[in-house]
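Shared between the two complexes below is subunit A, which has subunit B as its partner in the first and subunit C in the second.
Then we have the complex of A and B:
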């Protein structure tokens, strides 16, 4: 840990604030990246680490499930098949309760959201200095390993959900029905301008709350991991500060165990609210 | 119990729904302001509407989850 802190300090000037800021900076590539702060300054800035890790985990998910499909058996299932079947049944149960008579695409989408978000959240449980340290050996100085601590990821997903909500609203209610919802929804026909604004705000709030909730929880969790890592990292300043090391181990283990619950809960909430929002889009009238 | 489970799960999101409705109101108002060059009239009024709408919505969900 202390070695990793030294690496971080040598590349960013030292100090706890720099250590945290260094860890919360994305690997930004593109003409609109600020060369000093490494923050995106415009549209053409790519957070390569976010893209890489989210794609990698998505491909991993596809690869593992493709392998599993080949080995599927009707007889006594193995341990892993049992495990995946229990996840499937769990998601199916959620859809049965929240969205009866759902279109065929909803179940695979909900499962993908649940597993993918969980995997991306899981990156939070890998020691905070490990992957940035390895990346440092290859000349990559900034690396943020948890894709869901990047607002771009969470908003990309919630924006997709938003588009699906609009699509199903238009499909089920028809353009006129959807317009009627905007015109007459909270306050009846005498306050049409207020109704339009209110409904627009309400619809916009759905993806916003989805994206911000996931981002906020994971960002805060990552920050707590960084603060705990700083306890042992203080030993870089003097060996006497190693006295904090047992405390770091205890705190880290505690937060790690608790965080397993948090990441699962956040993935679950994202999935369930997507299902509920889409089922609300399918309800014909209010 | 089983019947109310789907909409009932909306209760998880009440807290963030309230805040994000305020944020959505401000965002929408800001967008309109930029379009019409009328800062900060719509920003404030839409923000207020978002706040009122958020409280109404939260109240509605909390008092009867079936209604949403």
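Then we have the complex of A and C:
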């Protein structure tokens, strides 16, 4: 919050747009990165911050899991084990409701989505200028800390889900059955061309909506945090700060508390929709 | 904000993470939770079995108690019967003993009477002789008639 003030000041001339732009630019490495704007112009551009933070959180998950599993007891579970077990049971309950007789991989996949997305979303709750400031000390000038505000992350997951939808469709319905779904659904055999378009849109809408929903929510959330952070910066000099700074703190706290709900809800929605889509793909009679 | 090769990297990370989470967390935890479920079910079944066994044991205890009571009663009845028998036997044997002692005493008395009679007889003989002697003092020579007198005494 206070860093926002400094950063806004240092970005010469109070460029609000510049400040926001700066914060929404990935740390881009690759031949297709624009050297001036740091935006990716083409395909060959790695968003190092996105990859780093998502991998870091994933490895954190695995590390904590491995440590937990080492100390497991099948007697009366203690605090953290109890917590993890309740998450597992929650995920299992969702699958029981949405996808009975699911293949074995669905449950860990849903769990991974829920926890990983939640952790990545959680990065949003870290003060927006803290990590970029620290990175700045090490000579990294562009850092977007929330991996789920990068379309690449959300689409990576939704696209993986999409591939699994296609896989289960082919596996359960068979190639012919899958084709029939495109040809005769939803209007029967007399409107085949319309059916193809409708079903294609329906199927493509699944990964697109899945990825865009998460991205949109988190991007917007991040933007609101940035705008709140700008409040103090806008009145950086003079007595106006006495009004703006407390307001910024109050607003930031409010949005933060609200955002705890949002990040959990988004992680939950992503998980549930994944389960529902895969369940739909896994049923033979459409 | 463009779609870049990052997407591929993130997909790989996602898939690997699912695989690892399945291996590291999901399977062990599920195995554990299932084994705990099984243990609880086993425990409940064992408790049920224990209850059943307790009921059986109680029933058996009652049966045993009844049986032993019955046996004890039998034994007491037998003992009483036996005691009566012994008593009767004792009475019988005492009566027989008394009879025998009485008979022996009677025989003893008989013998004493006989002895006394014998004694008396001998005395009577000597008194008779003495009487006869006094009567016949003068006529009878003790020496001459000794043979006759002892013959007479023997006859008495």
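Before moving on, here are some points about what is shown:
To be clear about the criterion, the second predicted complex is superposed on the first by the 264 of 286 C-alpha atoms of A that agree within 3 Å, B and C clash if a C-alpha of one lies under 4 Å from a C-alpha of the other, contacts with A are read in each partner's own complex, and residues count from 1 in each chain.
By definition in this document, a contact is a pair of C-beta atoms (placed from the backbone, for glycine too) under 8 Å apart; a residue touches a chain by one contact, two chains touch by 3 or more.
Just so you know, these numbers come straight off a predicted model, no measurement behind them.
Of the two partner chains placed around the shared chain by superposition, subunit C is the only one that A:116 touches, whereas subunit B remains out of contact. Once chain A of one complex is fitted onto chain A of the other, the partner contacts of A:191 are absent, as it touches neither subunit B nor subunit C.
Once the two complexes are laid over each other on the shared chain, residue contacts for A:140 go to neither subunit B nor subunit C. By the touch criterion defined above, A:32 lies against subunit C but remains apart from subunit B after alignment on the C-alpha atoms of chain A.
When the two complexes are overlaid on their common chain A, residue A:224 makes contact with neither subunit B nor subunit C. Taking subunit B and subunit C in turn and counting the residues of subunit A each one touches, the greater count comes from C.
Listing the residues of subunit C that touch subunit A in their complex gives 1-11, 13-18, 20-22, 24-30, 32-33, 35-36, 39. Of all residues in subunit A, those touching subunit C in their complex are 24, 30, 32, 39-47, 50-51, 54-55, 58, 61-62, 65-66, 68-69, 72, 74-75, 84-85, 88-89, 105, 107-109, 111-112, 115-116, 147, 150-153, 155-157, 159-160. Across the complex, subunit B meets subunit A through its residues 2, 5-7, 9-10, 12-13, 16-17, 19-21, 23-25, 27-28, 46, 49-50, 53-54, 56-57, 68. Here subunit A touches subunit B in the complex through residues 97-99, 186, 194, 197-198, 200-202, 204-206, 208-209, 212-213, 269, 272-273, 275-276, 279-280, going by the rule given at the top.
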